[in-house]
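Order of writing sets the labels: A, B, C and D. Residues in every chain begin at 1.
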Amino acid sequence: MRQADVHRFALADPGDVSGLAGAIASGLIDPVEIVAVIGKTHGNGLVNDYTRGFLTLGLSDLLATALGRSRAEVTAKVPFIFSGGVEGVLSPHYSVFTIGHAKLGARPGPALAIGTAVSLPLAPADIGTNAQIAATADAVRQAMAEADIAPADVHLVQVKGPAPNLASIAASDRPCRTGEPGKLMAYGRAASALGVALALREIGEEYDLEAAVLARRDLFSSVASISAGTEVHANEVVVLGMSAAWTGPLAISHRTMADALDLAGVDAALRDLGFAPSPTLTVEETARLRTVFVKCEPARSGLVRGRRHTMLDDGDMDAQRHIRGALGGLVAGMTGETQLFVSGGAEHQGPDGGGLIAIVAER
Amino acid sequence: MRQADVHRFALADPGDVSGLAGAIASGLIDPVEIVAVIGKTHGNGLVNDYTRGFLTLGLSDLLATALGRSRAEVTAKVPFIFSGGVEGVLSPHYSVFTIGHAKLGARPGPALAIGTAVSLPLAPADIGTNAQIAATADAVRQAMAEADIAPADVHLVQVKGPAPNLASIAASDRPCRTGEPGKLMAYGRAASALGVALALREIGEEYDLEAAVLARRDLFSSVASISAGTEVHANEVVVLGMSAAWTGPLAISHRTMADALDLAGVDAALRDLGFAPSPTLTVEETARLRTVFVKCEPARSGLVRGRRHTMLDDGDMDAQRHIRGALGGLVAGMTGETQLFVSGGAEHQGPDGGGLIAIVAER
Amino acid sequence: MRQADVHRFALADPGDVSGLAGAIASGLIDPVEIVAVIGKTHGNGLVNDYTRGFLTLGLSDLLATALGRSRAEVTAKVPFIFSGGVEGVLSPHYSVFTIGHAKLGARPGPALAIGTAVSLPLAPADIGTNAQIAATADAVRQAMAEADIAPADVHLVQVKGPAPNLASIAASDRPCRTGEPGKLMAYGRAASALGVALALREIGEEYDLEAAVLARRDLFSSVASISAGTEVHANEVVVLGMSAAWTGPLAISHRTMADALDLAGVDAALRDLGFAPSPTLTVEETARLRTVFVKCEPARSGLVRGRRHTMLDDGDMDAQRHIRGALGGLVAGMTGETQLFVSGGAEHQGPDGGGLIAIVAER
Amino acid sequence: MRQADVHRFALADPGDVSGLAGAIASGLIDPVEIVAVIGKTHGNGLVNDYTRGFLTLGLSDLLATALGRSRAEVTAKVPFIFSGGVEGVLSPHYSVFTIGHAKLGARPGPALAIGTAVSLPLAPADIGTNAQIAATADAVRQAMAEADIAPADVHLVQVKGPAPNLASIAASDRPCRTGEPGKLMAYGRAASALGVALALREIGEEYDLEAAVLARRDLFSSVASISAGTEVHANEVVVLGMSAAWTGPLAISHRTMADALDLAGVDAALRDLGFAPSPTLTVEETARLRTVFVKCEPARSGLVRGRRHTMLDDGDMDAQRHIRGALGGLVAGMTGETQLFVSGGAEHQGPDGGGLIAIVAER
């Protein structure tokens, strides 16, 4: 039986690979078992965030050396999914996902299961189109099959897709969905989310999904978490769920965040895993958290629970920096943990103005 | 007997005075009874935040017209204390504090009591010095005496002091504590906080307080909340507490925030007033909140619960915008309310890396 | 004969009206003669820039008192056109335009002529549509007729139009051209610019101009300078040109800025007025400048003279803050003056990646 | 005889090393001859700018592979000096400096000469102290000696020093000059500049230079250009000057920038090299420019030529982003080139509010 594990490392700066390097050197992690790395870096999480690429370069270089392979071979096989933006109390970090053989005496499943896939390259003109939707859906199906996870047992699909900058858009041989890099980044996240929803049958095949991108906000996946960046050129997919084909001490839960204040959603996701916040976790409970994913989006109505917010009118600070900071405070307050993967840009990833929380923890 | 009341109004933009105008027109608020206005505006909360002055101009103009007095007479008597920065889920608003006669059948005290005072003008060279500390302490003592609040029954001292910009500093006839406007703003908040602590005997007279400003972080007030802005030229003080000499349905509680994740502190302050969050307030409970004050500061250790934060290394987004956004998420999550007076710049206002929460609500 | 005059005042902060107040008190300016005020304020020049509204409130209040009229009467007649953003060396200021009778011995015309007009109110759903194009064209024609300026003698048409924020867009009874406030602001500037071009016959009536908005960048006015802000609800228009029906010492010139480096264009506009920069103006020449308008736009190709720029990929600092700072440095370097009306958002106001410069000076 | 050469490469993103890679592959540059790389990257140029470290990693990796050495050996010998911040029209790029043997028929000297040196490591507590001043002065003397450049013939000393972040400051075993990372970065630039001035005898030995750091602004070097970043741990020094011991077609000039509008200074530096801007360079002249360095600082008086600037009051956009954008526009306007090394943070590097320009070009 397969057994999944997750190790989380602090990131002093985006070039700091000392955490994983030490874990490999000490034997804590066997580099052959690494199947994905997901983390939060220091940048702004927008088009001109180069901290994602910096960390990808450093970690892939480390892994290439450890495995005696080229960097290209490593990045073709292992998704490195980094999201920029650690506003407020959030702390830069990365989580390393491994698949090994069941340890002797391992607790019987169902347990945390991991599947990964990388789509074919996507050109700037593919971003936000049916091509990206279909490529994502295919990759999700492939990852689920590989990991023996049924659609109903999927708790998180983390995707990283391309975000062409202005130069790439200008150099495109075909027209892109928009000429504005920040907006095209949103189209890409949206199309990828609809691709996840399609693969999981959260939405049917009757829709014109390309037309629905950024338009039909009522169509969404409740387990998709999508990031984008200039540093990748294909959609990289990591599917996390529960499967009886896996063993080990880890489990995953998720809940929809109904809106940006949904502390009850956080509470429920924790309780699904046996935690009992009152109102916060104890230090011992916090230590059992392996990795936490949060997605949320500033409500396009301009209102949170009937009150005006200013996130979408602000020309100094991007709306995604606003929402990540707020959600970071809310989730860290209850969990006691600031190494959280909190990400904005939640188009079609939960209801408008909301999102999702997914938690991997020791049972 | 006196009876305090608090009405809160949404702010569409910093020039929007329609909330108070309507309340005066409808008779809900008698303008003669207004003793203070405290609110959060749309700006960045830093030196170049002009939304505070914009709202002060609009509201003082409205009140001057309603009272048949000049704007100068109004602002000399009524503190208008605005703090910029509504990051994340926070919502711009202002709270109008009134003192009237006890309504027939009013619940016996102790009840919420309000005292106000305005210091003599402070020059740029006074900011951060003993002159500001003493002026603040005097004003606090005066406001407490006026309101019959014992030091032990004070729950919040809200102060607004001057923040000279570069031109004012350059034009000063005496040297200022620093030539950097943002830093001088911090000196001013710090000195005012120590003045509050002195008046409330939270710290003794044995210290060289001018030397302690921004240096002795172990010296602090647990009820001070200080803002600063270019739009004021004296220290304006509003003291809120409980007093048996007052009546009415309102009460105030406060708790220290031990750090930026202290959801337990929020929970405790709510429970002090009879609320029982599980984990959040009900809609009916949220409606009983009249106004909520939160102060917090990014820990200068660079750590929150042992994890690195990036707030003080960020050159794109000021540390105060970071901390307000995080605390706004945390407190709004539990209370269900986004019209919160969340303010950064909490030097000597609670422990380093922490701050305070104070809540006025119907009992 | 009519004689135009322009006085420029420094702005310490957006609430500072001391410059004009002093000029009225000393008799330098007769408030009855004021026909327009145009200036640069401290804000970011984007949707959440409230410094424009703050200054409008202060100056209209001053003028209302001086004229014994209501603020509403004043703002209905006098355009107050403020653009936020004084990046780099730029200095906040405002220019007051007056029309008086020719002074005895005044130099014969042609001389600087001024016409103003205010359109009917425009709703959020009108922004960027034919309604705004037509309203602008009508207002421009009316202002030209009033001022006896022939289309060929127009050197600048300054327009200020509405910029609905998210709340206004969400409250609109009809769909807006886009739901994003910053983008709708661009639509509005673009439609207004095409309205100017239509009125001046720079483009013919054969085009579908609503479809051309932000799409046909080859269609533009070479004398339009458009700003937008939440603080206005109609298009306010000021036309500046030369007319034999006017007298006085002032003249205006303008040149197209071919791109963001077009120092030769600045040089040419100065030489048109008899200046001879070598490479800069002398102190005496600088003193003859009355007011300078500059418009420019980051090239959507991503290139300036074949080199990449980063303005449109930057998530921390808006592209308009970038371009204003650069143009401010370029024009201030040659003119020796930093009180310049430099404005971004130059859609259809000059060639893509370029803009215009217009200079009013003593002959 | 030695012959210096400079090649400049565009930077698509901070991970893009294709320019130098191609030049090495084609034989245009012999990697053995590379002695320094200096460039401008995409970040904000402040403490949390990781684009400098990203490019250093990529280029040192490229060079290590090309030379068959380790990355550590390469960075110990070759200064990689990157400054973040390409505001406005500026374009990301890097210049590669090489030293080779005189080509046959090379023009006799004096010609451009290059010397480099790297100081011993500097701890956070050394930043801004006599230790850093002395280390810089020693390195400058060593580089001048190596390159046979007399002090009077030095035109530019480019230095890159450490900028500890909050975590490094907090972990320091000795107290640092300040606990604020951005401020300590300024101390470091200032101390390095005074070290340059000392080595070049621009200031005498009679001063207490540690006390003069950020205090005695009248003490400065007229050829120092200092950057700092978290990615380096010693002071790296590149001295550029003219020397009869060198040959080749390249020359260097420099001029003090008296203030941020000093277009005349740019004009003079160009004329020193035989250019005759009227008012701009021709396309052919622009092509002769090899690399241009510009340093400038927002005047601490708050005034540029008697007019208020807002750079030091701005809480949204750092003063260095302001000043770089303005100077970029000014210098690019005259030179026609946007690949300029424009850098803020010019403490003790020219007069207060001013700085320097240095130009390397083909004679």
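Side notes on the structure shown:
Methods note: a residue touches a chain if its C-beta (ideal position, glycine included) is under 8 Å from a C-beta of that chain, and two chains touch if they have at least 3 such contacts.
What you see is a predicted model, and the numbers here were worked out from it, not measured in a lab.
For chain pairs A-B and B-D, the one joined by more C-beta pairs in contact is A-B.
Same interface as C-D, judged by over half of the contact pairs sharing residue numbers, among the pairs A-C, A-D or A-B: A-B.
Averaged C-alpha coordinates put the centre of chain A at 38 Å from the centre of chain B. Note: centroid distance chain B to chain D, computed from Cα atoms, is 46 Å. Across the assembly, chain D contributes 12, 42, 44, 48, 165, 167, 308, 310, 316-317 as residues in contact with two or more other chains. Residues 10, 12, 42, 44, 86-92, 260-264, 266-267, 277, 279-280, 304-305, 307-311, 316-317, 321-323, 325-330, 332-334, 336-339 of chain A touch chain B in their complex.
On chain D, the positions that touch chain A within their shared complex are 12-15, 42-43, 48, 50-51, 53-54, 57-58, 61, 165, 167, 230-231, 316-317. Interface residues of chain A facing chain C in the complex, by the touch rule stated above, are 44-49, 165-167, 169-170, 179-182, 300-303, 308, 310, 312-316, 318.
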